[in-house]
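Next up, some structures in structure tokens.
In the two complexes below, subunit A is the common chain; its partner is subunit B in one and subunit C in the other.
Take a look at the complex of A and B:
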């Protein structure tokens, strides 16, 4: 029941991080990833507007027969997308851990510029550690 | 995208105040790495002293401290949310409660008292009974006279952190025991709730 990919989208809808964690995932061009992120960002806005009850969040889960996509938007507007196996359990707890790793190794790095693409070795390293446990 | 864009403590709670207090204490006890208090206060002290030397103007030092705080706040907020797991607040008064009982508790180990909430509930004061930044500090006379707010970094932190959760605030010290006042008081005023669809970074 593996975790396939992680996407991080900034508050303007730009993709700032994308990683695949299992083999056999179709690779897209970097431009296509950006389009994907931007489109998801728009869908997120549209779904929250569709809500019959004002103040709803946007889309949180997208489910297909072969994968599930989980989305959380933090109160600061950053979105984390996890693409997992449909049977993956405890995604909420995992999501929280990913967010903590992000808070630690991205936001607390004084040389990281907020909203920009994430290139941080420590972040990669700690994420890999976390996800290896899940995918083991 | 409409509704209540303020940070809210846990979804359903009968006594949000008591719950925030317990949550703050739990995070402080179990999930916060502690450092030596002397190293912390001395680091901050030498930072302020160096700014005073470099700028030779206390008003400018206040501004610089506020700017530094702002930069800290915009980053710290992610850690705050990640560790506390909080979502949106129902009201600005609730925000005040969360700032005091969870925010200050988590990072400084203190719980400032909230007082003087204005009629329209858009302003409140934080009274710091104990200020870890100022533990060994005695301000020189000219610093008092020319209006140095020694712990001004805190205002910046609050401003930066709240802006990231779409609350634009004005925040400043109005009294400080270091300056001979009876209490140390930070005044926070909600300017407006920012629109979610405008990225704050574009302002």
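Take a look at the complex of A and C:
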């Protein structure tokens, strides 16, 4: 029951981080990843507008036979997308941990410019450590 | 030390001779301080009366802490207690990390190159180190003035590191090639915990700040030296850092004179 991939989307809908964690996932070109992120961002906005209850957040889970996609939006508008196996348990807690690693190793890094693609060695390192525990 | 002047109901009013302050006492040992009042007009404002309930068995020679009420941190009341009281006064790592991150970003906008940036951070650290030395020695129970190179290095390696980070540094080594060079290594320096240096700045190490602190401490103890920070990262310790300490000629000459004795 592994975790397949992680996407981080900034508040403007741009993809700032993408990583696959299991083998056998089709690789896309970097442009296609950007389009994917932008499309999801739009769907997220549309779903929140579609809801009959005013002030609803956007789409949170998308479930299929083969995978499940979870999304959380932080108070600043950054979105974390986790693609997991449909049977993966405790995704909420995992999502919190990913957010925590992001807050620590991206936001406290003096060389990171907000809303720009994430290139931080320690972020990769600690994220891999976290996900290795889940996928083990 | 104190003279009793007047009795008013259940109150006794006392005056301390050194500073002319008058105090009000209730029963045995319960004291309330009132600054610089005339002993002639001895009435206390009623709003202060509820303070009395917070006071317990205060001794007369501890009058300086009387005004410290419950639930008020000692740092707010400006009492002497704050300085040697270290337990529970750890700073938040997040707050420090954000501040340090801003210091680096601020400096980065105002320098031409990596060497300049490290110099600036080192200067920030120097200001911290001067003060840290004073405070650490003041808090130390058996503090003494170090005269030998090894003594001061051990002081930095253990006492200073403990007061800054709550642990001792991981190693202290002497250089094989040069007699005047020593190295202090920290496998996981807490100030670098969240900092990933980008590839294009690979020669930069934010530990320059720490190098500045150590340089100030050495300077303050009359061991002139140049301290630089170098990354010695490995897979196991991705932010491992070594401080290279190069002592001034005068220090080495003095050390030789000591050895000759």
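The definition used in the following text is that the second predicted complex is superposed on the first by the 136 of 136 C-alpha atoms of A that agree within 3 Å, B and C clash if a C-alpha of one lies under 4 Å from a C-alpha of the other, contacts with A are read in each partner's own complex, and residues count from 1 in each chain.
We adopt the following convention: contacts are C-beta pairs under 8 Å (C-beta built on N, C-alpha and C of every residue); 3 or more make two chains touch, one makes a residue touch a chain.
From a predicted model like this one, the values you see are computed outputs, not experimental measurements.
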Which of subunit B and subunit C A:31 touches, first, second, both or neither: neither
Subunit B versus subunit C as contact partner of A:125, first or second or both or neither: second
Residue contacts on subunit A - larger count, subunit B or subunit C: B
Which of subunit B and subunit C A:76 touches, first, second, both or neither: first
Touched partner set for A:104, first subunit B, second subunit C, both or neither: both
Partner chain in contact with A:96 - subunit B first, subunit C second, else both or neither: first
First (subunit B), second (subunit C), both or neither touched by A:115: first
Touching partner for A:64 - first (subunit B), second (subunit C), both, neither: neither
Intersection of subunit A interface sets (partners subunit B, subunit C): 104, 108
Of all residues in subunit A, those that touch subunit B in their complex: 10-12, 45, 48-49, 54-56, 74-78, 96, 99-100, 102-104, 107-108, 114-115
Residue ranges of subunit C in contact with subunit A within the complex: 94, 97-98, 100-102, 104-105, 108, 194-198, 201, 206, 238-239
Subunit A residues touching subunit C - in the complex, by the definition given at the top: 104-105, 108-111, 119-123, 125
List of subunit B residues in touch with subunit A within their complex: 1-4, 7, 74-79, 81-83, 85-88, 164-166, 196-197, 199-202
